[in-house]
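Pasting the structures here.
Here chain A shows up in two complexes: once beside chain B, once beside chain C.
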Partner chain A sequence: MGNLYHNKIAQWVVYVAFFAALAIIPNMVGDSFLLNQFATYCVYGMLALSISLCWGFGGILNLGQGIAFGLGAYGMAMTMQMQSQTESNPIPPFMLNNSLDYLPLLWQPFQSTLLGLILAVTVPTLFCAAFGGIMFRARVSGPFFAIMTLAMLSAFYTIILDRQAYTGGVNGLTPPSAFQFAGVEVDPYSPTAYWVVLFFLTGATFLAKLITQSSFGLVTQAIRDDSERVRFLGYSVAGYETVIYTISGLIAAVAGCCWVMLVQYVSPAQMDVGFSLSIVIWAAIGGRHSLLGSILGALIIQGAQSYLGDTFLATWLLILGGFFIVVVRFLPNGLASLLEVALGLLARPDPTSSPAPDGGRPLPAE
Partner chain B sequence: MSGLLEIQRLSKSFDTTKVINDFSMEVVEGTVCCLVGPNGAGKTTTMDLITGRIKPTSGKIIFANEDITAKHEHLIARAGIGRKFQVPAVLRDMSVRQNLEVAYSRQTNPFRNLLKFHKPGLTAKLDEVATLAGLTGRLKERAGILSHGETQWLEIGMVLMQEPRLLLMDEPIAGMTESEIEKTARIFKDLRKSATLLVVEHDMGFVREIADVVVVMHMGSLLAQGSIQEIEADLRVRDVYLGEQEVA
Partner chain C sequence: MDLGSLLNALILGVSIASIWLIAALGLTIIYGTAGVINMAHGELIMLGAYSSYMLQFYLGLPYLLCLPASFVVVALVGLALERGLIRYLYSRPLDTLLATYGVSLVLMQGVRLIFGSDPKYLAVPEIFQSNVMLGSVSVSAFRIVVLLVTVLLVLALWLLFYKTRFGVQVRAVMQNKEMAAAFGINSGRIYMLTFALGAGLAGVAGALFGVLAIVLPTMGASYVVQAFLMVVVGGGSLAGSVVASGVTGEMQSVFAFFTNDTLARFIIFVLIVAFLRFRPQGLFAQSGARR
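Coming up: the complex of A and B.
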């Protein structure tokens, strides 16, 4: 008898139930501030999902997911900023403060909301395709690729900080009014905003789940296992790695747009190395081999940070660090593996006839 | 008669060491060709050169009238060359079934595979190969827990799933029992009807059993080529290779 954890139908049932539960939250939570906070957790969930797809399934450790997230966020913030500029006042105030008296070419497409949104999503995605394509074609992999993403993230951080007249520098961008789409204002504290974000999280998760279960997913798992061997089966390893890295970047870019819609703010802090590392930590604690586990990791850690962080103040970081060490040491595949082991024990009631404890575990600890 | 695979004046040097030295051979379609020679003769290096794992210093490799010299591994594999490695290389963390499924690589385009859940012809092919390889009862197992012999069979099965025109087998019977070797020999002879085989092997008994043509390598060069009888009668071959084996 198989482990229920690996049963595809059971997985889908759990996924649908999880998102259905998330969808009814606005009906139970009256506090609009709290609802806005829950929506930002969903954005973090989307980021953890993107890392799970790239790292957990594709085996590509990406410490620079802030690039796609940040570029998406800046694109959205630029779009929202331009929405509040008028014919008579076409230049954002921070530019005037930096003695820029014309709208730079970089900003002009964002005068159109639709074009702005398209750019906010396609620019980071195309960047991932180009950067990933160059790296993977040169067979840069493992820790070396992780270091390259880190370096690239720092480069973007520095450029945005430095080009104050174009990016708002360290202050970032603070669009004065809420995002408007097709004449409707999306109030970030409304259930609508929450459902928009949840819609993208759900869509991204289901898409990612389908990808992992498709022929493509099987090949990426094989690449994670032994990329050298897969080449001799006729698959372009670089092609597969680039595609999964790019899809992961696309999800992060959408998350960036959602985030700015909710908080009406973006700054270089979103491209800070620490933030990108924490995305990886969410996925690691939740279980990077499980999409849902990674999302839950983000929700749990960020939720705990909001509430326990206030109680414990600086001690919270120590608690989080300690928790991370415990998980890495005793649950290298994250909290999701607890469920996997538990269901595995149910599936094998007779321990004497079962193979070695790790015999039934299809996923590697890397 | 031109061969399916033609190796023309191939050389490979690592720094100043010549590992393959002006080596030429050809494999005729529908035959089993065995590549033999003492350790360090350059047999596995030749395999690496054919499959694109390493690039030659000079010389040409022609497969099905197409120059495949120094092409990328996956393009050579797609052209129709499947390879079984000397140290069995299976995907240890995946199930036996998944190993065979991945190897069924008719569609290699990542975008076309992105949301593809059904591969036409897979089930029939998988059943056929699993039966042939004796792995029908092991499909759900993780490949990492298979015995050495089963791992060898799984990798042979993977190569068969690729449906290549040319199968490169690097020491396919290493670690197999007597009966497994007999079975392998039977299957290799059977495969010859639909494919061409190039086999690197030390076991002269097995070579005698399956080979149509034997190519002997020594110090990176061609020493002799011919039928098994001709090779066993060749004094130079006895000197550098067979002689020492008979003593051992």
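Coming up: the complex of A and C.
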């Protein structure tokens, strides 16, 4: 028997059990405020998942995941804002405050909820496809790509801050009423909102899991380990990198939409460098080579952060930073690799296999 | 078209360029030599400002002496950082980026816990607080001090790298670490010293920025992305960073003259990304292979 950690059936069992556990939370938690909190953690989990997919499995360190998240969030906030505008009052109040007395072209598609939702998801995804495509074809990779994503993130941050009449500037957008879809209002504090978020988290996780276990996922992992060799084998490295980066952006965009649905608020802070880096921290501490590990990293870190509250925030961030350094230094694959080692010790060594199978870190499916 | 105010913008551009350059100098040394992406650079700048503040407040050190003193203090912090953490990560560039981000969190929150979140101010001699007329342009005297310090530091670094034995060793390690080691150069020691030097330069920048802006635990975060882009556009060499800061500083000032500050910054970010798409190695690529 090999290491249970690498056993695909065992992995799927754990995944199903994890999401089943998440699914019974609304039955356990009566407090609607707490349920809303849990739902936002699930959104953070989705973000960590998207980073795990492109960084842990594709080797692309993306410090600008806030771009896709923020664009998705702004798209959703614009849709929700337009839902509360009526025929007689078609222009959002903040625009009037900025002496804009007509609805800009940028905002007009968001009058339709369906079109707004489609745009909120497709615009960031297409941006990732275009940006990734251009960069990866120029063979920009590694730390260099990370810096480019930082630059791009800062660019979006400044333009949103600057175009106050269109984006609400530093105040952001605060849609006054809850999201309505097909005549139904999705109260952010209701179990319905939680179910919606959980549905997307589960869907994204199973999609990501299937991708990593497919032959496509194997190639991306090979690119992560040695992109030159894969290129010499005749694969289009840029193509694979673009696709995995785009899928990751798509997941982040959906997370952005869910987040605004839950908190009814978006501001440039969601495109702050610090927020995008904290997504990377969740995935790194949880274990970037494990989708579930990354999600758990986000849930635990964000859960602990809000549990400790604002009074201990400085101390908490100090501890988090120190812990992060220790993880990067001694446990590059995060806490999930501890489980991998522990299960490996439990597994009986197979006498037929060649000795020292761990010599060059065999390619795990997870 | 008002030529006079465009001239103003150009003169202001030199000042902006000197600020960006001094923020990027330390990073250039560290990235250029060891290839380390030091995300804690902004916090080292912040530490420079706080050490000047402490020296002034507790020891009553005159401001001009605070500059070299901050260099020493932050260089020692950099030395400890390199010995304690960075040296284990030279073979994992992405992990140095992450670990130094952890360091930046620790430094920022540590300073916040010790000094609180309220702003501190650095006192400067009277003469620096006045304005100086340069032709038709009124420039704050302190911005000229920043410019002078930047020029002096660039000259000193050029002398250090191109006219001393240490400089030859650094450039040898930069070009080929193994070959340099084969010739008896202790590359670990070179990395350690360059990291300390780069950190010290951040300290000087911090002592200057503490006067230009207020001293806050979060003050470093606003410089780090900007400084990185200067280094990457320049290609990691000293001359590259000088040219990159000069050009982008002027562009920032001129674009801001036609639009506004934030929009100018946006245009520059986009232009830099487009530039690096076509020239990923930067303006002046390093000779020799690294890694």
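Everything that follows uses one rule, which is that the second predicted complex is superposed on the first by the 345 of 366 C-alpha atoms of A that agree within 3 Å, B and C clash if a C-alpha of one lies under 4 Å from a C-alpha of the other, contacts with A are read in each partner's own complex, and residues count from 1 in each chain.
What we mean here is this: a contact is a pair of C-beta atoms (placed from the backbone, for glycine too) under 8 Å apart; a residue touches a chain by one contact, two chains touch by 3 or more.
Being a predicted model, the structure only gives us computed values, none of them experimental.
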Q.
Given the alignment on chain A, is it a clash or a fit between chain B and chain C?
A. fit
Q: Look at A:148 in the shared chain and tell me whether it touches chain B only, chain C only, both, or neither; answer first, second, both or neither.
A: second
Q) Does the superposition put A:134 against chain B (first), chain C (second), both, or neither? A) second
Q.
Which partner chains sit in contact with A:183 here, chain B, chain C, both or neither? Use first/second/both/neither.
A. neither
Q: Identify the partner contact of A:30: answer first if only chain B is touched, second if only chain C is, both if each is, neither if none is.
A: neither
Q.
With the two complexes overlaid on chain A, check the angle at chain A between chain B and chain C, Cα centres, nearest 10°.
A. 80
(Q) In the superposition on the shared chain, how near does any CA atom of chain B get to one of chain C? Answer in angstrom. (A) 13
Q. Which residues of chain A are in contact with chain B in one complex and with chain C in the other?
A. none
Q | In the complex, chain B residues that touch chain A | A | 51, 53, 72-74, 77-78, 82-83, 85, 89-95, 98, 101-103, 105, 107-108, 110-111, 113-117, 119, 140, 142, 145, 158, 162
Q: Over in the complex, which chain A residues touch chain C? Could you list them?
A: 61, 134-135, 138-140, 142-144, 146-148, 150-152, 154-155, 158-159, 161-162, 273-274, 277, 280-281, 284, 314-315, 317-318, 320-322, 324-325, 328-329, 332
(Q) For the complex, give me every residue of chain A touching chain B. (A) 2, 210-211, 213-216, 218-219, 221-222, 225-226, 228-237, 239-240, 243, 355-356, 359-364
Q.
If we count contacts the way the header does, which residues on chain C are in touch with chain A in the complex?
A. 37, 85, 88-89, 92-95, 97-99, 101-106, 108-110, 112-113, 221, 225, 228-229, 232, 260, 262-263, 265-266, 269-270, 272-273, 276-278, 280
